[in-house]
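Each structure below is given as structure tokens.
Look for chain A in each of the two complexes below; its partner is chain B in the first and chain C in the second.
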Partner chain A sequence: MSFKPVHINRPFGRWVGLALVATALAYLAAPPAAWSGPASGAPRQAVVAVNGMSCPFCAYGVKKHLSALPGVKSVQVELAEGEAIVEFVPEAKVTDEQIQKAVRAAGFTPGKIEWK
Partner chain B sequence: MNKVHASSGRSRLVVIFLLTVIVLAACGLWHWGTAWTVSSAVGIPVRYKFLGYWDGAGSPSGKLLRPIGIAVASNGDVYVTDARIRVVRLASSGEFKGEWGREGKGHGEFGNPVGIAVAPDGSVFVSDYDQDRIRKFTSDGSFLLSFGASGKDPGRFTAPAGLAVDSSRSLYVADFYNHRIQKFRPDGSFEMIFGHPGRMGAGALHYPTGVAVTPEGKLLVADAYNYRIQWFDAGGNPIRRVGDHLFWLWPLRTSSKRGFKVPTGVAVGSNGLIHVADSGNHRIVMLSAKGEYVADWSIPDSNPKVFSPEQVAVSRDGETVYATDLSANRILILAVERQPAFQEDGTGKR
Partner chain C sequence: MKVSSLSGRYALLCPSVLLGLFLHGNALAGPITFDTALPVASREGILRGQYVLVRATGDPTPLGRSITVQAAPAALAYGVTPRLALFGIVPYFDKSLKMNTPSGRIERSASGIGDLLFLGRYTAYALDRPGSTIRLAPFAGVKLPTGRDDVSDGLGRLPRPLQPGSGSWDGLGGIVFTWQTLGWEFDADAGYRKNTAADGFRFGDQAFTDASFQYRVWPRRLGAGVPAYVFAVAESNLFLQGRDRVGGVPDPDSGGTRWIVGLGLQYVTERLVIEGIYQVPAVQRLNGNAVETDHSISVGVRWKFSFLSS
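Here is the complex of A and B:
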């Protein structure tokens, strides 16, 4: 068995290279998937479902942990609704994963996150 | 061939034995997990009588908004913390007497005032759940000192909740996310830790929210998410616990009148009677000094989605009990009333 070098067709290779560069640029330019596409200049609001939240001490714990996220403007916890409403400054770049982590750190299981 | 038969017979016996053990263990755990261990007191003919509620009307900043912490001074004044980021002082008649606090990080400002306690000299301690510190004020709200910081080291907090002060003016703090109680000297210096994080066994605490000191100097802890009340001696040794069970493993509805579901507050009167804010069951439970069930009172119009009452306090004479009802923006007031005498006909009927 002998090794045969592969000869790449030069014009085809150029197109492949260009496609790779374009893909890389597009990836770098686009925000991560979890960023929810903020409307430019508008405050962003995340409505986070928090499963099992009934106790005010826990609700305040959720509020405390969410308030520590970067770019948080305000946090409102609705005990009866079982949800936290987090308002971010327009330039905030917070992911769903960060929000979920904060809710877990507060001792709860995060539910659906709805961006407004 | 015989060997194979013997072996399969033995295997069957082992399987039956293991299944029996598993079933018995499950039954035992089920019983332990759902059967309350709070026994009934005998010969304490008292009960709660609902007197009414206060909503903080008369306060310049507005009526009470989601009140959570409550304490009674030796002169009868009642102090309350609420979501307007303040401390409200009310007379024993419910009349507004004063208020202080606003949102901020300076002296006399709070992030989220939650726990409150009044020392025998009238000074007022307030825990700041968000800023992880304790502030001390005079009885009318003049700032005295501040101590504590965020963290897990001794003297630091992660969400300080309920407070209590003993006769020597030492302060006890329920350190919610650190699962412990911390004791501080009147000057704010750290003294010792009570309890350790855990779900089972003596001294284990899981999200404690309330503390109280008995007339004998023992520490009572509302071990909220272990669904029990624990006693510690002055040296920090766990000495008793009631409501001890594994209910948290089985999210079943409470059917017993003598168990707890997320007891978030505890208070003790000079008569030794203990009052528990059994928030998950929407009621206040009275226990004897030994921790035996005496009586309870349920909030008739409670919001089923919000655990309440949160914290409880008792007047110096032990006759009046106050509790915060956060979801209804009010303070509940109950009297500890002696029940009518039993008929002395030998039947025990009233």
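Here is the complex of A and C:
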């Protein structure tokens, strides 16, 4: 009984190997799409209506509580509009409930939340 | 007339009358002379420092009493929850009394840390709308006898109202209402202060009601972000004070009704409030020969901070 030697097409195998390594590197370099929200990777923005906020001294608490949410890049309060614009990093995983809780912790009542 | 027999005639110096102007626990934006129902965010603190000068020279007797009180109360507010806020207030006093005696005009004075006041305030009702809020909050507190009440001079122990501290444990309770919009704010409160006796002396109990209206005079139109405000402030403080009791006997020259009105300005930013108010008595129906107030000035600053990391 004799075994036939298996012939390996070396150039083909090399390309397959390189493709696998490249895929693995690409996967490690960028988090999976499920973590990042929009596929474009652009920052996510939530426009949060803050009912009851009606003076400059009140805006500070709203800003601090929203800023303490995970993945927040910046918070801008628009007093005249009665809203806070919260910008998140692409990886952020924040729910409406967390935002509402932050507004309540600042002493106010959360209104509509618009994601952009 | 012996100086020592005048101990009951300094009703104006009674801490619960004077300090009623700024010891109701206010550290938030809002009224200058009393509390507001606006929220303190949870894990947020507000530090307030004030300087208050009160002058009183309206003495109906030949004693020609002239009283100057300088006070520097410091207040700290902390938001335990969005509805529950705690306040601690400690004043520093410098009190001076000048009067005529058979041996000439004399001055008696005392200075030092006054009584520490702890207050709690709970927001029982809040109606939040875009750009406005209406709130109702009961408050209650206790005043500890931390200030000295045994200061003496060459003439002996100073009269109790001239001491930095009262020597007694006193209770305070009431309710405050606030309606705030983007352009103006109205606050009103009512309360009662129950004083107890210490070393045979008891300050008369006090009922009070206050009102404040703040109108945004600058900027005329709100811009983007969080613009700084300048408020014009009008305030009213009404005190009804019972007679002090010395050895259980009511002092005829103490207590009465005092209605004080004032105009002020507030500069309000996100973290800072700078303010001042000038007050004069509109009505003073004081018992006996108590000295009438001329005017008072108060200036102060409030600074907001947070224990949250962001």
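List of remarks:
Keep in mind that, in the parts below, the second predicted complex is superposed on the first by the 76 of 116 C-alpha atoms of A that agree within 3 Å, B and C clash if a C-alpha of one lies under 4 Å from a C-alpha of the other, contacts with A are read in each partner's own complex, and residues count from 1 in each chain.
Keep in mind that, in the parts below, contacts are C-beta pairs under 8 Å (C-beta built on N, C-alpha and C of every residue); 3 or more make two chains touch, one makes a residue touch a chain.
If you're wondering where the values come from, they're calculated on a predicted model, not measured in any experiment.
With the C-alpha superposition on chain A as described, chain C and chain B clash in the combined arrangement. By the document's definition of touching, neither partner reaches A:Glu97: not chain B, not chain C.
Of the two partner chains, neither chain B nor chain C is touched by A:Glu114. In the overlay built on the shared chain, the residue A:Gly82 is in contact with chain B and with chain C. Judged by the touch definition given at the top, the superposed model places A:Ser67 against both chain B and chain C. In the superposition on chain A, the chain among chain B and chain C reaching more residues of chain A is C. In the superposition on chain A, A:Phe57 makes contact with both chain B and chain C.
Of the candidate stretches 1-9, 19-27 or 37-45 in chain B, only 37-45 runs into chain C once the two complexes are overlaid on chain A. In the superposition on chain A, chain A positions 54-58, 60-61, 63-64, 67, 79-80, 82, 107 are in contact with chain B in one complex as well as with chain C in the other. Of all residues in chain B, only 66, 68, 112, 114, 129-130, 159, 161, 176-177, 207, 209, 224, 262, 264, 279-280, 303, 305-308, 310, 326-327 touch chain A in the complex they form.
Of all residues in chain A, those touching chain C in their complex are 49, 51-65, 67-68, 72, 76-80, 82, 104-109, 111. Within the complex, the chain A residues that touch chain B are 54-58, 60-61, 63-64, 67, 79-80, 82, 107. Partner chain A is touched in their complex by these residues of chain C: 28-29, 38-44, 79, 82-83, 123, 126, 128-133, 180-182, 185, 222-229, 268-271, 273, 302, 304, 306, 308-310.
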